[in-house]
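Some structures are shown below for you to check.
You will see two complexes here that share subunit A, one where it goes with subunit B and one where it goes with subunit C.
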Partner chain A sequence: MVKLDTYKLYDRVVEVGRVVFIAYGPDRGKLAVIVDIIDQNRALIDGPASGVVRKEIGYKAINLTRFKLPIQKGICTKALKKVWAREKMEEKWAGTAWAKKLDSRQKREAMSDFDRFKVLKAKQARTRLINEEFNKLKASADSSKTSKKSKKAKK
Partner chain B sequence: MRVRGELKQYMVYGRHTPSATESNPPIFKMNIFANDKCSAKSRFWYHLRSLKKIKKAHGEILMCKLVGEKKPTVVKTYGVWLRYVSRSGIHNMYREYRELTAAKAVTSCYRDMGARHRARPSSIQIIRVKQVEDDKVRRPNIKQFMKPNVRFPLPHRVNHKLYVPRFSTKRPQTKF
Partner chain C sequence: MHTNSYLRFSRKVILHHLSIYEGKDAARNAKAVKRKPAKGETKKVGGEKNGSERIVPAQKKPRYYPTETRPKKLVSRKRSFNGHAHKLRPSITPGTVLIVLAGKHKGKRVVYLKQLRSGLLLVTGPFTVNGCPLRRVNQIYVIATKTKLNIDNIKLPERLNDDYFKKKKTRKAPKNEGDLFESTKEAKTVSPELKEDQVNVDKQVLEAISKHPDHKLFTGYLKSIFWLKKSQFPHNMIF
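Coming up: the complex of A and B.
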């Protein structure tokens, strides 16, 4: 019988040191770390760098990230802050597509009507440039095709 | 007795009112889990009159203070001893909970008793609540979360979004 390792199917598991993104509640949008596991529904989290005080939270309110910090169970806040800085979690998180998407969404929300108009114009300009280039390539491709066809006809 | 929201832990001190025959009656203290001071005192008299021959009419409360948890940021295992009246009889029970505070453990005990045994808070008496050492823990479900390297995935996560259309053209993502 093939022994299936269930945990290999998942790259993100609930464990001590797992960096989590808080999706609901007063600390929504902040990063924290699982410091201890309470039971099948809740964990103890701490986020000294992002201002999350040590508290229990349900797994439904958090999203697991792909990062894991090398920490011991029940590590104190002070030591956790050091590990967080040493592992450069802020930089690592900012580099993910997830963080970038959130960032761009925030920027879009903060835009005024005029800003949106500017984006519209910029997008139009970009499309125009792309279309010009595309049409040029298309034209050259078409001409080469027709020349090939004419060669075939001669044969 | 009702359990609204999260319970609080009170230490209640009381005694029989001093009289000519007994000028210095013994003081009794009791750890009470209740919603507020009022119901904590009420609960104190409820238990005391069944244990000793003292009633509220002839007694006095000396002190009723809120007890804070010493380490509310450390996960502990609490053992809860209780007595409850079911539809068919009276049962004693021992249950274990992993919580941050004793008050939270007792609150989830009331919820658990309601869920598993349909026991109302009025028919439950908490006898004793004590933090259990790791090697004395009895329940296998509690034991598995005490292991040093507990890890498990969150397999099927359904995102219940309120105020969002129920039907969509995209399949939801349940794994991440």
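Coming up: the complex of A and C.
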């Protein structure tokens, strides 16, 4: 019988120490850590640095991140806070594409009508620059092609 | 009146109705006495027992008292539109850029100047920027943006009121049979006062724009037309 190695199938599993992102509920958008696994449906989480009070939560309400803290099962809040700080979780999380995407989405939502217009204009300016450069390159490429062709014709 | 029957009005009310004219006159006379001495001519009167003179009133009292009591106008708490208090959304302050949602200029971003007595908002494009003249808009057809101009120093002409913008009714000339099918419509003309005020106000608004930190993009912003893109929902958006 072949034993399935879950660690090879998935790089993120529900386990003690797994840092999770809370997808919905009152603590939506906050980071927490799985401290204990209650059963197939619920885990005990705690997020002292992000303001999540120790509580049970359904797996559907959390998204697993790629981070895992080296903690013991059922670690107390105070000790967890220390580990969190030592591992620099805030910095690590902020560096992920996930966090950046959330951040940019928030910024976009907070934009006013005039801000949206400014972004539009900035994008237009960027595209103009890119097109100019592209057309220059294209023109030079075309001219070299034609010159080759003309040489061939001469021969 | 039968003693067993009910009275429609109380005795007091009936008496009040019957004596209403007397009472009114009395009140009026009392006022008149307070204000000025009775108007009239003093004439000398002969006879020993008649006093030496009498006053002939300038205005005669009516010879008859009306036989019917006229219906009295009731005091109503309702106010005509003119007396209504008009609220303004707190997000709209002088200088706020508004997005017009209805009418000829819908989609345009315009500058709010002030609220008129009818509750309508006085706005300008400015006209030279996006073609929206000095104009009245109802605030329900407007989105208030967070963008504001500082127009504290602007002096608006005092004649810019509701009457100024009202359509002037012109009497139609009676139709003759000959010109039954001729179009008698006159071309719309802009009054010289509006033209003058437009130039005056626009000049000041443009000056205010030039002082805005984003003045380079501001006129472009006012020129641009508002529309919703995919996955944009106005109730979720910040303006």
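Here is the rule we use: the second predicted complex is superposed on the first by the 149 of 155 C-alpha atoms of A that agree within 3 Å, B and C clash if a C-alpha of one lies under 4 Å from a C-alpha of the other, contacts with A are read in each partner's own complex, and residues count from 1 in each chain.
Criterion: a contact is a pair of C-beta atoms (placed from the backbone, for glycine too) under 8 Å apart; a residue touches a chain by one contact, two chains touch by 3 or more.
All values derive from a computational prediction rather than experimental measurement.
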item	value
Clash or fit, subunit B versus subunit C on superposed subunit A	fit
Subunit B versus subunit C as contact partner of A:Phe117, first or second or both or neither	second
Subunit B versus subunit C as contact partner of A:Glu90, first or second or both or neither	neither
Superposition-derived comparison: subunit B or subunit C, residues of subunit A touched	B
Which superposed partner A:Ile38 touches (first subunit B, second subunit C, both, neither)	first
Touched partner set for A:Glu109, first subunit B, second subunit C, both or neither	second
Vertex subunit A; arms to subunit B and subunit C (CA centroids, nearest 10 degrees)	90
Smallest distance from any CA atom of subunit C to any CA atom of subunit B, in Å, after fitting	11
Subunit A residues contacted in one complex by subunit B, in the other by subunit C	none
Complex contact set, residues of subunit A against subunit B	6-7, 9-10, 12-16, 36-40, 44, 54-56, 59-60, 63-64, 73-74
In the complex, subunit C residues that touch subunit A	97, 99, 109, 145-147, 214, 217, 220-221, 224, 226, 236, 238-239
Touch list for subunit B against partner subunit A, complex	73-75, 98-100, 141-142, 145, 148-155, 157, 175-176
Contact set on subunit A toward subunit C in their complex	109-114, 117-118, 121
